[in-house]
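Each of the next two complexes has chain A plus one other chain: chain B in the first, chain C in the second.
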Partner chain A sequence: MPRKVRIAGAKATAEAVKAANVDVICSYPIRPYTGTMIELARMVADGELDAEFVHGEGEHAQLSVVLGASAAGARVFTGTSGVGATYAFELYSPIAGEFHPVQCMIANRTLDPPGDFGSEHTDALSARDQGWLMGWAASPQEAYDNTLIYYRLGEDPRVMLPQFPCQDGYFISHISGEVELADSDQVEEFLPPFNPRNKLDPRQPVLMGPQCRADQGAAIELGRAEAMVRAREVIPSVIADFNRVFGRNYSPFLQEYMTEDADMVFFGQGAHTVPARLAAERLRKDGLKVGVVQLRFMRPFPTDEVAEALSRFKVVGVLEISNSFGAVYDSGPVTAEVLSALYYAPAQPKVLTFLGGLGGENIRLADYYEMARAMKAAADAERLKKRVFWLGFEPLHVA
Partner chain B sequence: MATQANLIEVTIWFRGVTEARLARRLANAIASAGAREGKFVQAFDNYADSPDRIDVPCRSYARLCVEPIAEPYIYENHSPSVVIVTEATLLKGCNVLKGLEPGGVLVVNTNRGPEAMLALLQDLPNLHRLKTLATIEVGNVALPYVPYGAGEGAVDTATQLKGAPILLGAFSRASGVVSIESLKAIERDHHGLELGYNETELLENPGYIPEEPTVEVLAEGYRSKVDLVIPAPAPGGENEDMITGNYRQQRPVIDLGKCTLCRMCWISCPDSCIEVPGRSGERIAVNLKYCKGCGVCWSVCPVEGAIRPEPELNYAGDVVRITY
Partner chain C sequence: MAQARLGAQKPDKIEIADYEPIRSMRNVPTTEYYVPGHRTCGGCMPALAYRLTALAAGPNTVFAGPTGCMYVANTSYLCGPWAVPWIHTQITNGGAVISGIAAAYKAMIRKGKYDGEYPNIICFAGDGGSSDIGLQALSGAMYRNHDLLFITYDNEAYANTGIQVSPMTPYGAYTTFTPPGKVVPDAKPLFPKDLLKMVAAGHPAVKYLATASVSYPLDLMNKVRKALAVKGPTFMHIHAPCPKGWSFEAHRGPEIGKLAVETGMWTLYEIEDGHVKVNVRPRKWRPVKDYVATQGRFSHLTDEMIQRLQAFVDAKLADLGLEAEPPTPVPPVAG
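Coming up: the complex of A and B.
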C-alpha cells in the first residue's frame, strides 16, 4: 500500500530514487540539494538500497562518473545546486549528445554573487540548451513524482535523454509537505528496467562519443534535436500512465488553476506558483479574475500548448525567477519563450514580466496583489509604456 | 508581529548536528499533530543557520493555522508563540525570545528548574511577553543519560530521539497548541508523551504584561542597489558577525596556580581563543566571546587540573548573545 509521510522535497527525491532502484549514485555536497544525498547515503549504508555510492571530488567528477556508469547500462542518479551546476557544465553536452539518460536533480540556488543559498532558477536555466529534459516541481510530492516520471521519459527508447528535475531550494527542498510514497508494485508497473541498446562491455568493445569528423557534427546534433521533439510527443502518454498508476491528476505540460473565467494569469514554474494560487483565490473578492498557469516542462518547451492556453487571456504576468542579462526586452528566459510561442498564437495577450524571487527572496502575498493590479491596469490600457519590472525596486506602472 | 492572524509559529532551538534529528522530529510531530486537528501546517529547518557545525545554535520551525498559510515561504518564524529549547545553555547564548508573541510559552530541557531558566532571561527585551515557562529534564527522567562529550540535557543521537515524546508532552501541556491525543497518533511512545505532559514544571512569569497581538504591515517604498565592497575586520581583529561563544556548554576554567605556561593549549586551540597577553607577568586567559567549549585545551593540558571543564550554566556572567 502507498503510505503518506511528512517530508521535505530533498528527502522526497531520495525516496523516489530508492523506489526507482538506481544502480549508481555519485555525490558531492552543496546546499540545498545535499539533503537528498545524505538520505541516499544513509539508505545505502543501512542496506535499504543496493547501489554503488561514489563520492565525486567535485561536480565535474560527479557528472563524469554517472556518464560512464550510464554508458555501462546502469540507472544512475546525481544532483547539484547553484555554482555546482555550473562547475559541471562541460559534461552536459556529451551526456545528452551520446544519449545517456542520466538523472541530475537540481535544487535551485542563486549563482554567485551574492553567494546565498536561496532559490533562483538561473543555475538550471543556464543549462537549458544542452538537450536535457527540464522542469520544476511545485511541492515535495511533485518532486517525488517527477523523479519517477523523468526516469521513465528519459529512458524511453524513443527519447534516451538526460534529465534535470528541478525543485526550488528551501521552498520545496527544505519545507516538509505530505508525500505519498509509492508501492513497489506501482513503480514496477510504471517504470520498466533500464535496458539501453548499447552498453559498454569489454567483451563487445564499442566507442561511445568518439572524436568525429567535422561534417558529422550537425548530423549528431540533429539526432539530439529529434529526440527532444519525440520527448514532447511521448510526455502526454507518460503523464497519463503516471496518473493512472499513482492516482494523480497532472496535466502533461500546463497545470491550470482558476483559469476558466480568468482575464489574466500568473505564468511561472515551481514553488512561486503556490502562493500565486492563494492570491488568485483572494483576488476574486476584489473583482479581479486572476488565474495561475504552472509550466511543468521548460525542456521540451510546450510551444503549442502555451500558445493555445495563453491566447485565451487578456494579460499574462510572467513570474521570472531567473536572469538572462540583456535578453529580449531585458526580461528573462521564460518571458523570451512565452513571447516566441505567442507570435503564431491565435490571439496575443499583453505580456508583463515580473523579475522576482531573485537571490532566493520570498515573493510576498502583497506583491502578488500588486502584480495583479498592474495586470488589470495593463488589460484596461490601450498602450503599455512599460512591461518588464524588477519587483520591489520600482512602481508597477504599465501605462 | 505575525504575518497572519491565527498563525501559530513554534520555534525549536537546538544544537547543530548532535540534536538536528531531535529538532526535526519535534517540528514534524507538532505539524503532523496539528494536521490531524484540521489545521494547515508546515515544518522546516532554518535555512541560514549552519547546521553542519557541531553544537552551533540552530532552529527548526513548525507553523499551524486554521486557514491556509498565506506566506508559506518566509524563511524564519519571526514571531513565535511557543519556543522549545532542547539544550539549556542556548538560553545564555541566544536571544530565544526574539519576536515572541504576547502570551508566549517557553519549554526548556533542563534539570535546573524554571526559576533558574527565568534568571537567565532577565536581560531580554521581550521577557514581558513570556507568560509561561516550562522545564522538563529529558536526560534524566526516563533515559540513560549519555553525554556526547559536553553539555547538559544534550545526549547522543541514539538516545536523544527517545527524548522527543517527553518534550512533546511538555510542549502540549504548557502551550495547548496540539492535544496530547493528537500527538499519540503521531508518536508511538505514549509513556514518554504522558511523562512529559505530567511531569513538566510550569512557572508563570511574574513579569508578564498582557498586550494585544498585532499583524505585520508591509513597509512601503522601493529598494535600491547595494555595493558589494564592504568593510571587513582588520587582520588580527575579531569578526563581530561570527561570534561562536554561544556554541559553548562547558567552559574551560584555568587554575593559574597550576598552569606552567607551557602553551600547549595556546598552540592547540582550533579557534585561537587562548590568549597569552604579555612578555612579563604572563597569564593564560580564554576569550569567552569565541570559545566553543570544544574541550581540546583541557584534553591536551599536561598538568592535572590546570584547565578543567565546568558547566557554563554555573556562571551567570559572560553572556554573549548572538544577534540573529
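Coming up: the complex of A and C.
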C-alpha cells in the first residue's frame, strides 16, 4: 500500500532512489542537495537499499563514477548543487553523447560569487544544452515522482538520455510537504529493470566513445538531437502511464492553474510557481484574472505546447530565477525560449520578464501582486517602454 | 641489505588469487586482445605496452582509456584494436570511471544482475592523465579499495597534442612547451614527480605496485597478471619510449627502454605489502650520458646539465637501496 509521509524534497528524492532500486550511488558533499545523499547513505548502511555507495573525490568524479557504472549496465544516481554542478560540467556532454541514462539530481543553488547558499536556477540552466533531460519539481511530491519518471523516460530504449531532475534548493529540498510513497508493485509496474543493449560486458565487447573523423561528428550529434526529439514524443505516454499507476494528475509539459478565464499568466518552473498560484487566487478579488503556467520540462523544451498555451493570453510574466548575462533583451534563459517559441505562435502575447529569487532571495506575495499589476498595465498599454525587470531594484513601470 | 619499506600502515594483509605466471617468451599466450587496426606511430612503445597488457590480462577484461595517444591513435574513425570492451574517459577522470565500473560489477554480481565472473578492470592512462590532470581521480580510485588496476604508460610527455611537458618529463628534456633558450638553457628545469611512490605512500588500500618497461616484456606481463590477481586497487607504471616525442629512430625503442634501466633513468621494482623488491639490478650502472646521447630531446644539454641529471639519478637509486659507486657530485651553479 502506498503510504503518506511528511518529508522535504531532498528526502523525497532519496525515497524515490530507493524505490528505483539503484545499483551505484556516488556522493560528494555540497548544500543543499546533501540532504538526499545523507539519507541514501543511511539507507545503504542500514541495508534498506542494496547499492554500492561510492564517495567521489569531487563532483567531477561523481559524474565520472556514475558514467562508468552506467556503461557497465548499472542503474545509477548522483546529485549536486551550485558550483558542484559547474565543476562536473566536463562530463555532461560525454555522458549524454554516449547515451548513458545517468540520473543527477540538482537541488539548485546560486553560483559564486559571492559565497551564497541561496537557491537559484543558474547552476542547472547553465547545463541545459548538454543533452540531458531537465525539469523542475514544485513540491516534494513532484520531486519524488520526477525521479521515477526520469528513470523511466531516460532509460527508454528510444531515448537513453541522462537526466537532471531539479528542485529549488531549500524551498523544495528543505521544506516538508506531504509525499505519497509508492509501494513496490507500483514501481515494478511503472519502471522496468535497466538493461541497456550496449554495456561493458567482456562476453560481448563494445567500443564506447572512440574518436571519429570530422565528417562522422555531425552524424553523431544528429543522433543525440534525435534522441531528444524522441524524448519529447515519449513524454506524454510516460506521464499518462505514471498517472495511471500512481493515481496522479500531471500534464506532460505544462501544468496550468486558473488559466481558463485568465488574461495573463505567470510562467515559470519549480517552487516559485507555488506562491504564484496563491497570488492568482487572491488577485481574483481585485478583478485581476491571473493564472499560472508551470513548465515541467525545460529539456526537451515543449515548443508547440508553450506556443499554443501562451498565445491564449494577453500578457505572460516570466519568472526568471536564473541569470544569463548579456542574453536577449537582457532577460534570461526561460524568456529566451518563450520568446522563440512564440515567434511562430498563432498570436503573440506581451511578454514581461521578472528576474527574481536570485541568490535565494524570497519572492514575496506582495511582489506577485505588483508583478500582476504590471502585467495588467502591460495588457492595457499600446506600447511597452520596458519589459525586463529586476524585482526589488526598480519600479515595474511598463509604459 | 635491509629491505626498504614504502607506504603507510596497512592493517589488512595482501590477498592474492591464484594466477598463472608466464615462464618464458615461448609460453606467451597467442590469442591477442589488442590487435592490428590502429594508427599509432612507427615504433610506438605505448602501443606495445597495451598489447602486452592485453595479452597478459586475457578475455575477461574491460579497458578504460583516458584521452591521450592511446585514445586518439587507437580509435580513429570509430574503430579500435581491442577484442575486449573499451571505454573512453576524459583525460581527467580515468580513475573515477574505472571506480564506477568496479562498483557496478560489485553491485550487479551481488544483486544477481550479472552472472559472469568479475572482470579485470584496467585503466590505461598516459603520464599526463595520471600524474597531472588525472591525479585526483587516480588517488580516489586507489583510495577507495575498488578491485581494479590503474596503469600509467609513461612516454614522459603529452605526446598526442604534439609533445608538451608533463610532470613525468625528465629534467633537461626538450618539449614544445619547454624549448631550450637563452634564458632557460636546460629546457625543462624541473625533476619529475615520483608517481609510484606517491601512490604507494598515501593509499593504504593499495597492496601491490610495480614499475615495468616495454623493453622487459615478460616482467611486464607477469606484473600485470599479479596486479590483477591481487585483491583491491593496484598500480603499475610502465616506461614506454616515444620515438617521435623523444626524437630517436623508430626501431630503437626496445634498446632505449633497456638503456633507461641500465643507466638508472628507469628502475624496475615492485612493492608488495610495503616491501620493495628490485627486479633488475645491473652489475654496473652505465652513465646517464649514454642514455642522453640516444635522444634528440637532450641534444642541447651541456656536460654540466648531464651531471645534474646524473646526480638526480644517483639520489633516486640510493633511495631504493641501489647505491651507485661513487656518488656523482652535484655540479656547482654555473657562474
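Throughout what follows, the second predicted complex is superposed on the first by the 399 of 399 C-alpha atoms of A that agree within 3 Å, B and C clash if a C-alpha of one lies under 4 Å from a C-alpha of the other, contacts with A are read in each partner's own complex, and residues count from 1 in each chain.
Simple rule for what comes next: a contact is a pair of C-beta atoms (placed from the backbone, for glycine too) under 8 Å apart; a residue touches a chain by one contact, two chains touch by 3 or more.
If you're wondering where the values come from, they're calculated on a predicted model, not measured in any experiment.
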Overlay done on chain A, so just call it for chain B and chain C: clash or fit. fit
Of chain B and chain C, which one contacts the greater number of residues in chain A? C
Given the touch rule stated above, what does A:P202 touch, chain B (first), chain C (second), both, or neither? second
Name the contact category of A:E394: first (chain B only), second (chain C only), both, or neither. first
Would you sort A:L365 into first (chain B), second (chain C), both or neither based on which partner it touches? first
Go through the superposed model and pick first if A:A61 touches only chain B, second if only chain C, both, or neither. second
To make sure I follow: the centres are taken over C-alpha atoms, the vertex is chain A, the ends are chain B and chain C. What is that angle to the nearest 10 degrees? 90
Between chain B and chain C, what is the shortest CA distance in the superposition, whole Å? 24
Can you give me the overlap between the chain B contact set and the chain C contact set on chain A? none
Which residues of chain B touch chain A in the complex? 27-28, 31-32, 35, 42-45, 47-48, 68, 70-75, 218, 222-224, 228
What part of chain A is in contact with chain B in the complex they form? 6, 8, 32, 113-114, 117-118, 170-171, 174-178, 271-272, 274-275, 278, 362-366, 392-395
Give the list of chain A residues in touch with chain C in this complex. 23-24, 26, 50-52, 54-58, 60-61, 64-74, 76, 90-91, 94, 193, 200-203, 205-213, 216
For a test of understanding, state which residues of chain C touch chain A in their complex under the given definition. 59-62, 64, 71-72, 75-80, 82-90, 92-93, 96-108, 110-111, 113-114, 116, 119, 136-137, 139-140, 143-144
